Amino acid sequence: MALSIAYLAVIAALASAVIALGSNFRRNDVTRTLPFLLLGASGVAAVAAGGWALLDNLKLTQQLALGLPWMHWHLRLDALSGFFFAVVGILLVAVSFYGPAYVREFESSKQPLSVLGLFTGLFATGMLLVLLADDAFAFMVAWELMSVSSYFLVTYQHQNAPNRRAGFLYLLMAHVGALAILLGFGVLASFGGNFTFDAMRAATLTPLWASIAFALAFFGFGMKAGLVPVHAWLPEAHPVAPSHISALMSGVMLKVAVYGFIRVTYDLVGDIQWQWGLAVLIVGTASALLGVLYTLMQSDLKRLLAYSSVENIGIIFMGLGLSMIFLGTHHPVLGVIGLIAALYHVLNHAVFKGLLFLGAGAVLYRTHERDLEHLGGLIHRMPVTAALFLVGCISISALPPFNGFVSEWLTFQAALQTPKLESGVLRAILPIAAALLALTGALAAAAFVKVYGVAFLGKARDRRAAHAREVPAGMLIGMGMLALLCLVLGILPTTVIDVIDAVPQLLIGQAPPSLTAHGWLWLTPVSADIASYSAPLVLAAIVMTFFIGRLLLRRNANPIRYSAPWDCGFGPLNSRMQYTAAAFAQPIRRVFGGVWKVQEQVEVAHASAPATLVSGVRHQLHISDWSWIKLYEPIGSLVLTGARHIGRLHSGHIRTYLMYTFGTLLLLLWIVT
Amino acid sequence: MNLASLSLYHQALLVAAALVLFTSFMMLATARIRPLIFAFAWQGALLAIVTALVALVSNHPHLYVSALLTLGLKALLIPWMLHRLSARLNILHEVEPIMHPSMMLVAGAMLVIFSYYVATPIVHLSTLVTRNTIAVSMAVILLGMLLMVSRSKAVAQVVGFMSIENGLFFAAVVSTYGMPMIVELGIAFDVLVAMVLFGVFFFQIRASIDSLDVDRMNRLSEKNE
Amino acid sequence: MNPAPDPVLAWALALIQTLLFIAAAPLLAGWVKRIKCHMQNRAAPSLFQPYRDLSKLFRKDVVLAENASWLFRAAPYVVFGAFILAASVVPLVAAHLPTAAIADVIVLVGFFALARFFLALAGMDIGTAFGGMGSSREMTIASLAEPAMLMAVFTLAMIASTTNLSVVIEHNLHAGLVLRPSLLFALLALAMVAVAESGRIPVDNPATHLELTMVHEAMILEYSARHLALIEWASQIKLMIYAVLIANIFWPWGIAETFTATALAWGAVAITAKLALIGIFLVVWETVMAKMRLFRVPQFLGFAFLLALLGMLTHVILETGT
Amino acid sequence: MNLLEIILLVPLAGSILLAFIGHRPFGGWLNVGVCASTLACSLPMAFGVYESGPLLSANKLFYIDAFNVYLVVLTAFVGLTTAIFSRPYMQHEVERGRLGQGRMRLYHSMYQAFMFAMLLALSTNSLGLLWVAMEAATLATVMLVSLYRTPESIEAAWKYFILCGVGIALALFGTVLLYFAAEQKLGAERDDTLLWNVLHANAAGLDPTVLTLAFVFLLVGYGTKVGLVPLHAWLPDAHSEGPTPMSAVLSGLLLNVALYALVRVKMLVDGSLHSALAGNLMMGFGLLSFLVAGLFLHRQHDVKRMFSYSSIEHMGFMTFAFGLGGPLATFGALLHMTVHSLTKSAIFVTVGHAAQLAGTQRIEHIRGLIRTQPMIGWGLVIGTVAIAGFPPFGVFMSEFLVLTATMRAWPWLTLPLLVGLGVAFAGLFRHIHPMVYGDPPEGQKPVEANMLPVMLHLMIVLWLGLAIPSFLSKWFEQATVLIAGSSPL
């Protein structure tokens, strides 16, 4: 039953693709809205199926007569896939509200909407199928379907060169990652006998081969998830897609990669070694830290959000790494806490990153401007969007009582259980990771103060920002839904975790010990006197103090007077005098210098009359990613050099070619005799 | 085996085979087009003789047919066509300098040894009287390739190609007393058509690069790109 | 959630203690000011000057900048609320109060971050260069201070194997007099972080209004009347929280564990004495130190982080062994 | 006279007929008609074989079993679709003045002659005739390569002619050796010693050393036509300079036929040698071609040339797979033969239109196809996605199978394979991207294009990727059993 609901979700997504293709022929509101309706339906079905699977901890399997004659597609819906199903569903629903109004923007553009709709539908189909797949072949098919369709979405506005470049890079990375994953499956299958996941589960690998399989999966899925240093495609590809697609990609597609990683590592490979966990933890920490540092330096709103996805994926992998370390050292209980933290952050990041990308889309929709330096003062022009975006910012900055804080708190708690470990080295390393996580959180807060302060507060820096209007209701509903979720997930963690419990029960065979032992009010990871957090009370207290304060103070107060801000006596301030995004990040740029490749140049123009008088200053700043210079460009040039050398073979002289034939013949004859 | 114990025909056969090999070397050594063609014609003729002798000693009547075929095709028709073409393209008297001719001949000798070395295991199997000539036939093929590699004139290359065909036919005759008739005919037909096409191409090449020097045809390469 | 003798009493006490905390915060500020003046041979204001300032500010009419949005007006309340919450979590005179279970020390840091977040946004709301500058610097400093603080806190948490403040305190209380190198390092680190976070010399100067040196003051430049009062008060609470944390975690002696009148009285006396002492320390420190350049601050905090790290490592290596 | 002879006679007659009236306006249609009737005859025969096993013609000269029957159908099918495409295409060429009436006659006649040669090569039972047919295929196409009479095309044709001629000659020597070995075994007086089924029946008794030598010559000979590195030099030239329909059938069919011949021979040699020598040689050549061709892709400037390198790459892959042997790899290779020839011919069709659209084959001058003519642009990009081995297209399924088999047999060889796939993929897309996307140059007009073949092919490839229909899979399975001796199921 639940499985058939899941099918319903897939079919609805597929149908939306087909209908969108049909909409090529007659354009009107129906053909624009219908695909999104179906997408929404698919989302609802996905949430339903996923929720069901989680609540009842189902384990449903089925075979479809697709694929190879002797290897049909195996499908399976269990708690893990159910959880991710729900995550995907939530965002699909939000997008289905948001989309119809948003895509109006593209009706004027040269690309037909039908293409957008078609690949959006296929994209959703692909993601849902990946979650359902229960054998390597179906998995790879669905996986690549997801990659390819999202690639076409990235290149949707292919008239501008960055999109083309990003698209190529993205597809290449996706393909390389997929090949690694395929190889990983191959290793598992060669032990398991065939390519069904059941066989792989049953297989027992030698530690070496297990590590190889794990490494391949880690590389492949990490590449898709955007871990440092193979993240470079992500900030290129995500920003250039239409915003609701960016929301899906950053919010959900990366999570599908996380799903793949969890599925392979926890479920298929089996007995985890703590060294893997350490590797994951280190890579995750690096991604989190570098991700947020790069986030801080961006001035393109969507690019900034994309980099912050790298950061959050890093946090998720930190949680997974901790959990793997604990599992590897036989502390299943603690392993569960880490896993729960990671999963919870998966959910949270999907929600708030979706919200933020949709918000960025709303800004783009009205101002057609992605560069922070040209925005400003939107809180006056688009109050609702501003409020919703603020919720997103608070959540992603991990501030209580919103959802981002809960998952980070859980991660901290997991990290603080190190005294239970035998190895002193691990005991020393884990808290450092936790401290770096703290640094990440603080920098993230700084980054989003910058985003919000520059884009929404202050004065408009640009005519288009000054004349922005609030976006249509549909888009607001889409965002509002997610904003509400941010709050709910923030104040009812215990309830949510009660639902997520099914996943660790499935993977580790162990329910979280006492996370929710003290009722919905108290979140207690290990035990009550080790740590506890009561989000509802925190919220209550904040609200209470807030209103009491206002009541006490607003009594018989005179009306507020408005006047010009302090201008040091130099006459009125204008919007050019505001702090810019680059200026905001400048101290951090100096503190962490060397993390980026910074090219900064200041040109001072002197006035003619007195040479000392400065007539204008021009400041240019270009921040580039080391991973380009150190990793990608060398590989690329390597291939090109190889190609050039190979090219020499083709001299164009027929006698040379004859010589090849002759030589080959003689060589072979000599070999065989 | 000692030659004396063989019948006169056998000895004649071996002599002819040796001469076929010799003509290959002649082709390798001649710089002018015309003697090249003549050498090739001689090779064809000798081949026909060999075939006839084989037919005689191993009383395979159908080999007479292929002997005639060879004579007509390889010794008369194709050389005539080549001669006529080169006359019309007036390259009959062109001289193509051969780089290190002595090296060429040494290389040729090496090839003969190599083919002997390769062919020995086969020879041991065979019970045919002509088995020792298998190595020779393979040598003729390899020498033909060497000729094609060493010459840059289109005509010379065609001659080399045809002498490879000769070698093949030679091999077929001496190793298996010829292929089934239908195959023989098919091969003959193919060779003829090929020759006609070569003729067409000579003019096309001439028209496009007004020379028959294949080394000047190197537009299509990966280097310039 | 701790097995308090009588939940009602416990909650009541918690409430009272919180109010006491809030009420006492300006007093600490006044005390610090007064000592400072004495040390610098200036005529000292009364201990209660801060209360007078606050009440004056509360009575004044609000003047807002034209560009101010609702966020600008909401920020002070959020900030104040966050600090009240923080205050309610920290045991002042009595340990294991139920409120301590609402939020552990990590959440405490979270509250600080929340307040900072809104303050920084408010700073950018008006669209003046000062506000932006202040927010930028505040976020920079905070982002460096937070890991140091958490590192120090983690050391404590690992010693007491809990992040619940009152449990930590009880643990230290019962541990008796143990000389733990890790605690020493943690204390120093926490002190440095406290100095940085509560905007004291050498990181920031609460007294200055020199445009280019302001950090905290730059953000709140446009605030007036009750908004300003709330923010001032909040920062006084912040200072107090840090002081109390240091006092009660490292010298828990005297804190009340049972809710009897005598115990509580002793607790009150003890904490007053400790705070007075800490105040004096702070003043001495601020007097002998000179404010450092903004870009020296990272080194300062980096040193704090290093100390905290050392504390953690010494704990792992020396005190538990592998 | 059974269906088989008819299948052979139809194109032969068509060729002769078209040699006289091929230039008429309806010549193109006639060409299509002949191909259609060929296909029409091949289908019932295919089902006949499918129902009642292999069939041997009366004179024993023709032999159809599960292996070659589906290649016959494939050849007829792709021949038909390409003919459909070539009609408007060649008309456009005539309008552009690149071709005269006489050439059209030549073109159509040779097209059918080529079809005839390939069908003969596929269906014959005698290895000698197989050789004759291969040579005939070369001769038929060599005139077509130089159809435009440009210096480049003549050069390409000459190289094609000489290299393949020599190669084929070596193959003939290999055949002679086979015949020799057979006669040693079966005695000289029999006349059927060159027939494949006889040889296959007695493969075990053939002398190993002779067969080893024979295989070397045959490998070099037919390998030249398959386009194995380093014997491949003719292939890119011939593909890029000939008319596009020719490139489509060369890539899609001729290479398959050559590989077919090679595999037939390998079956004999394996039967005699009881060692993996033949297989290992094929694997070596296959892997080499696969990797080298992938690198070549990166520095191409001519779109057809680029895709011909991709053909080399894929042929290398198949050769590798056949060399690997074993049911799984063989099944994959057979499937790959099918999907590759379908996809590649579809791509060449699209590329042909694209080149007409832009008026050149230079990659840097082909821009903004999707804008100018969405059908062509999307056709090209989807086709490339398919050939690059992305699911759910069939190419992925076959590659998946071969990789699986490789992991079982030679785990460490999967690494170069995957690297090669990645490199080749990058090489293809770096060029395709600017071609299809972006804004078109000024005044680029759509052309009359018949995209039916493309859609048909890609649909089939997609279908094969999602689910192989049972009759087809049974068919492949029979062929696999024939070649590898056991079934993957």
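Letters are used for the chains, namely A, B, C and D, taken in the order the chains are written, and counting of residues starts over at 1 for each.
By our rule, contacts are C-beta pairs under 8 Å (C-beta built on N, C-alpha and C of every residue); 3 or more make two chains touch, one makes a residue touch a chain.
Here the structure is a predicted model, which means the values were calculated and not measured.
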Show me the overlap between the contact partners of chain A and those of chain D. B
Quick check: which two chains are joined by the most contacting C-beta pairs? A-C
CA centroid of chain A to CA centroid of chain C, Å: 35
Express in whole angstrom the distance between the two chain centres, defined as the mean CA positions of chain C and chain D. 79
In whole angstrom, what separates the CA-based centres of chain A and chain B? 70
Here the gap between chain B and chain D, centre to centre from mean Cα coordinates and rounded to Å, is 31
Residue list for chain C, restricted to those that touch at least two other chains: none
What parts of chain A, by residue number, touch at least two of the other chains? 646-647, 649-650, 654, 658, 661, 665, 669, 673
Do you know which chain B residues sit against two or more other chains? 118, 121, 145, 148, 157, 214, 217-220, 222, 225
Chain-chain contacts as defined at top: A-B, A-C, A-D, B-D
Residue ranges of chain A touching chain B (in the complex, touch as defined): 646-655, 658-659, 661-662, 665-666, 669-670, 673
Which bits of chain B are touching chain D when the two form their complex? 118, 121-122, 125-126, 138, 141, 145, 148, 154, 157, 161, 164-165, 167-168, 171-172, 175-177, 179-180, 182-183, 186-187, 189-190, 193-194, 197-198, 200-201, 204-205, 207-209, 214, 217-220, 222, 225
How about chain D: which of its residues touch chain B in the complex? 61, 126, 128-129, 131-132, 135-136, 139, 142-143, 146, 149-152, 154-159, 161-162, 165-166, 169-170, 172-173, 176-177, 179-180, 183-184, 188, 191, 194, 207, 209-210, 213, 236-237, 240-241, 296, 299-301
In their shared complex, chain A is touched by residues of chain B numbered 114, 117-118, 121, 142, 145-146, 148-150, 152, 157, 214-215, 217-225
Across the complex, what residues on chain C touch chain A? 1-2, 58, 61-71, 77-78, 80-82, 84-85, 88, 101-104, 106-107, 109-111, 113-114, 116-117, 120-121, 123-133, 135-137, 139-140, 142-144, 146-148, 150-151, 154, 157-158, 161-164, 167, 211, 221-222, 226, 230, 294-295, 298, 305, 308-309, 312-313, 316-317, 320-322
